[in-house]
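One chain, subunit A, appears in both complexes that follow, with subunit B as partner in the first and subunit C in the second.
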Partner chain A sequence: MRRLLQPHVELAVSLAAVVVLPIVLPSIAMATEVVIFIIATLGCNLLIGYVGLMSFGQAIFFGVGAYACSLTLLHSHVGIGAGLLAAIAASAIVALFVGFLSTQKRGIYFVMLTFAFSQMFYFIAYAMAGLTGGDNGLLDIPRPPLVLFHVTLLSLTPPLEMYGLAAVVFVALFVFLQRVITSPFGSTLQAIRENEQRAIAVGYNTRNFKVIAFVLSGVVTGIAGALYALFLQFAPLGNIDVSMSERIIVMSILGGTGSLFGSVLGGTFYVVAGNMLSAIWPRWLLLLGLILMVVGCYLQGGLLGAAERLARRIGRRGPRAMTPAASNKPVGRP
Partner chain B sequence: MTLSRRSFVKTAIGGAALAATGPAILRPAFAADVTKIRSLYALSGTFAEAGKTAELGARIAAPQFAKEYGIKVDYKAVDSEGNPGRAVAKILTEIQQNQVKYFVGGVLSSSALAMSEQVHKANGVFITAAGADEITGQNCNRSTFRWSVPTYGASRETVLPLIEKYPNAKRWYTITPKYVFGEALLQNSIDVFKEKGVEHVGNSYHSLSETEFSSYLTNASAAKPDVLLLLNFGSQSTNTLRQAANFGMKQKMKILMVWAEGLEQYEEIGADIMDGVYVGCQYDVSIKSPGNKKIIETFKAKGAPVPSYSSVSGYVSTDLILRGIKAAGSSDPAAVIKALEGLKYEGPTGQEEIRAFDHQCVKNYYLLKGKPKAQMKNKYDLVEIISSGKSFVPQNQSLCKMA
Partner chain C sequence: MTADAPAKLEASGLVKHFGAFRALKGVSFAVRDRSVHAFIGPNGAGKTTLFNCLTGTLRPSAGRVILSGRDITDLPPHRRARIGMGRSFQVTNLFQNLTVFESLRLAAQAQAGIAAYDLVRPMERLGQAAASAEAVLERLALHPYRDVKAGELSHGQQRILEVGLALAGSPSVLLLDEPTAGMGVDDISIMKDLIAALGREHAIVLIEHNMNLVLDISDVVTVMHQGEILVEGPPDLVRRDERVKVAYLGSEG
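After this line comes the complex of A and B, so read on.
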């Protein structure tokens, strides 16, 4: 199915969402959490939606990013930028390792390998309690101001400034991933997703492409982990637990894969619904299960797919809503 | 899709309207003179059993003491999901969304430590019943108070009397959850072993997500201990004890569960397995005190289950917040903190007092023993009190340096 939202429209709507979220949501804290999980979902979406790789290893990168940033800030008097750079470097190295070994296999074996790595890294973090705090996590993580060339850009003390940092990072990553997806590299990833044998026949070393995609996904997810640690000023062991991978995958599928804007919808829906429903009913995950069943059976494009179907139905009624020429444009091409 | 100018204008107007009205829709308005209290217990997840019961206690206490002390209270339960990260995110949301300053909760020590820090940063008040020494020790802060006896007292009031009761039981084996609470219980127990010349023949660590304990119990059996000391909590200690009973370990050694959840846990374990097992607990319904009598009557009047440690901890924690507000004559957290420091009151375990220097409540801890089925007077009469006492780190040894 052709995408209705073109990249520049997706970006505009995502920008609008970033502006509107802290206003419409009950708290800036919730808005910050939403944006952080949208970033994590973007990383996952790159793998599921554009390469067709279902990875249970996302929690590894989320946790590693959180630990790397936290440890840097706890043990050295460097700025927040150094913390984020440490998260990027650590998650890239780990993603390279996990991606290199996992992409040796395909299908169910790939999934099982990522699952096994996830468990392995969880127990490494658990066992290295002296470094990671084990089950207690890392407490009291400093959140120094964001300083550039001796100019304090954000103090990060008021909640809105922490949100601002997360929002700026989100927009930067969104633009970056759009560039990646619409580049020849991105087109190759989508070719691998559609028919890997054909991509190999054409002459692509598909494994290298998959490993690079893994590293990009790991870095994006690692940045989300670092922001989460900065936001909470706490890095719990749960960050690196396989349940975190499940959460991120569920957000990706709920929102809709194959479109970055789907991640915005999925991350927002999951976090907001989770916060609100859990206040009403502790067994709210049952409802989420039902929603996932509906998505799996009837709405395979996720929330974005559902919105697109609705828009198409409305579009058919009015000739001005969508021109045939626009609807037939190839995917990802402006 | 091309977006027509008209559609764009419509969307923009719609978005602006949503932005303008959204906060009004999603943010509930509250009267300014209402004291907002939030309980943060695990209502879902591995430790939901203890969390739900504790929340019940808080839910009973809030309207009762609000009426008794003449305070308007807005009480709401928030599910911490047994996940420290989620608990902290939800505290931040409550602080920003509803300007909440008063919190009770924290079943797990790791959650309680993280929650304590967040509430302290917001200059609020947090009352917990979590066990790790650090909460009123090296990680203490002005905002945090603890009703329950920490691991130091729990170890001393259970391990010590049992060593004295069975002087020939010289070999002890421990099973410990590897996090702040378990580590603290283990260290305190080892200190008692050293003091009394008892041999610690081995320890098995397990994670907080563990549900299967047979391999640890096999190791314990192989060490041939006289006493098996369970330092885990909640469903984990229930499962360990059940599996130990299945392995026939009850017949070969004494079993002591240092930190029991109380009545609902004894019921879950069952009278057959509980028979002869020693447990340590913060509270028991059979305590003879005016405070406990009042609690039993209140729970009965509300149609709630017989009070247990979990429900009483939620109940007393909420009472302490409102008692502090009443004593301070103000809902300003700084004044309430001052009023709570040194407060003496009639609690469920008798006279209880909050130490000013570390915000630790001084109260009894109990060693209990599972009754044989034939001696049970009713289905709640599962244990008998063997001993009780107050053991707390003295001020000159405390690691608490209140900022």
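After this line comes the complex of A and C, so read on.
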């Protein structure tokens, strides 16, 4: 299938979205939440879209990232960078552990293992109330200014500065993941998604690739969790609940897997629709269920797939209506 | 093709039990470099079990497998592929949604070792993999289909690509599992010429039901029957052997 947007166009559109979101959305807080969940969805998309692994464990890394960053800032006077680094380290270690054990199995047994780990980490967080605050979560998390070499880059007190931090992290991760998927490593992940048995037969140790992808995905999701804790200045137990995994998976599939830009669409749609619909009707998740059914039955490929189909239909009618990207020759994306 | 060419792949005393059933009862042979060594036999003779033991999909109950002088009996399949063993599958087993070129490039890239784990630099940097893929495209005359998805090729082309994926890693030994399975007559002659040509550069293990093809292009034919080697020798010898006729007529006729 031809790709609607080439990588550099995807990046440009994502940058534009980052600028536009806080202007068009009702609040900067909503824009911040959107960007944070886009990051979490990017991590999930790497696994579903590029390796073909459906993980119900994403909440583990979201929660661990949030706790690690929060605890670092609560119990020491190091900067916000140290909090983010703690989140990266903790989510990487936990993802290595979960990934190493889960990837021993394939198919539904892999899914079940990630589900089981998600339950396990939830109860660990619940039981270790002394550390995590248990049911109450961690409260009053400080949000120190972003300082680099004694220069305060962002005070992070105005909402727009917190948004700026999340947005910069998002763009950096987007660029990083774009590089990952076009690297030798990323191309191997796609071979594994297509046919793992064949990937083994040509000489790949597919288990190693899957574990590394799992760790990358966990770290990206953990960073999202850390930003969420900084944004709310609160780390609720719900971060590590399996329903958070579901939410992240739903955003990924809604937006469309197989392209990073799908995550931008899915994360934005879910958070914005959720905020707006819940204001009108507390049972809005019922509507979300309907939307998911439509995606499952008629819009496989998610919002991105629908946009691509629409662009092709317009493109067939008249070449002038075609977007410049769609008229270019297909890129090497399988 | 000479009798004293060195053995690239050896099996000694291969035994494989599945519970009480003995699928292989001590099979030994040596595949010489630059030769086509075919294994034939009625269904249930143990050819597929033997193939799986050679590729590492199955671990033999007893016996050794030696590749270029190295004992590989305990190596998993991906490690065997990294030290010069290429294999094709009986049932076409491709990267359906990847293009022909990308499939071959990935198969070649597997040989890059640690460089295949490079996370941040573009895949084009591994020029060796792309060059190997181009060479295989050219050799198999698949270049008109370079940017076609594997799943969209005709069956005959898919069978050729199946061999191509085995070839892309520049193996010294090629194991081909019924490469002509399901092919039309015209395609079979292309495949036959291809295997014969590859046999001049590689050691080839060929499992094949097409008897005419086997007798035409093989240097050595091993006839298997009930988990054992019944007859082994050049095609002419096998063609005349009474025991072979009995084994085939007795079990299938």
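Operating definition for what follows: the second predicted complex is superposed on the first by the 319 of 334 C-alpha atoms of A that agree within 3 Å, B and C clash if a C-alpha of one lies under 4 Å from a C-alpha of the other, contacts with A are read in each partner's own complex, and residues count from 1 in each chain.
In this text, a contact is a pair of C-beta atoms (placed from the backbone, for glycine too) under 8 Å apart; a residue touches a chain by one contact, two chains touch by 3 or more.
What you see is a predicted model, and the numbers here were worked out from it, not measured in a lab.
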* Asked: Which partner does A:A201 reach: the first (subunit B), the second (subunit C), both, or neither?
  -> second
* Of the partners subunit B and subunit C, which touch A:G267 in the superposed model: first, second, both, neither? -> neither
* Applying the touch criterion given at the start, work out whether A:G137 contacts subunit B, subunit C, both or neither, answering first, second, both or neither. => first
* Asked: For A:S27, is the partner it touches subunit B (first), subunit C (second), both, or none of the two (neither)?
  -> first
* Would you mind listing the overlap between the subunit B footprint and the subunit C footprint on subunit A? => none
* **Complex contact set, residues of subunit C against subunit A** => 55, 76-79, 81-82, 86-87, 89, 93-99, 102, 105-107, 109-112, 115-123, 125-126, 129, 147, 149, 165-166, 168-169
* Asked: What does subunit A use to touch subunit C in their complex?
  -> 176, 179-180, 182-188, 190-191, 194-195, 197-206, 208-209, 212, 216, 330, 332, 334
* Structure fact -> As the complex stands, subunit A meets subunit B at residues 4-6, 9, 16, 20, 23-30, 33, 126, 129, 134-137, 139-140, 159, 228, 231-234, 236-239, 241, 275, 278-279, 282-283, 285, 311, 315, 320-323, 326-327
* Asked: Touching subunit A in the complex: which residues of subunit B?
  -> 1-4, 6-7, 15, 18-19, 22-23, 26-27, 43-44, 48, 52, 76, 78-79, 81, 83-86, 88-90, 92-93, 95-97, 109-110, 113-114, 117-118, 121, 139, 177-180, 207-209
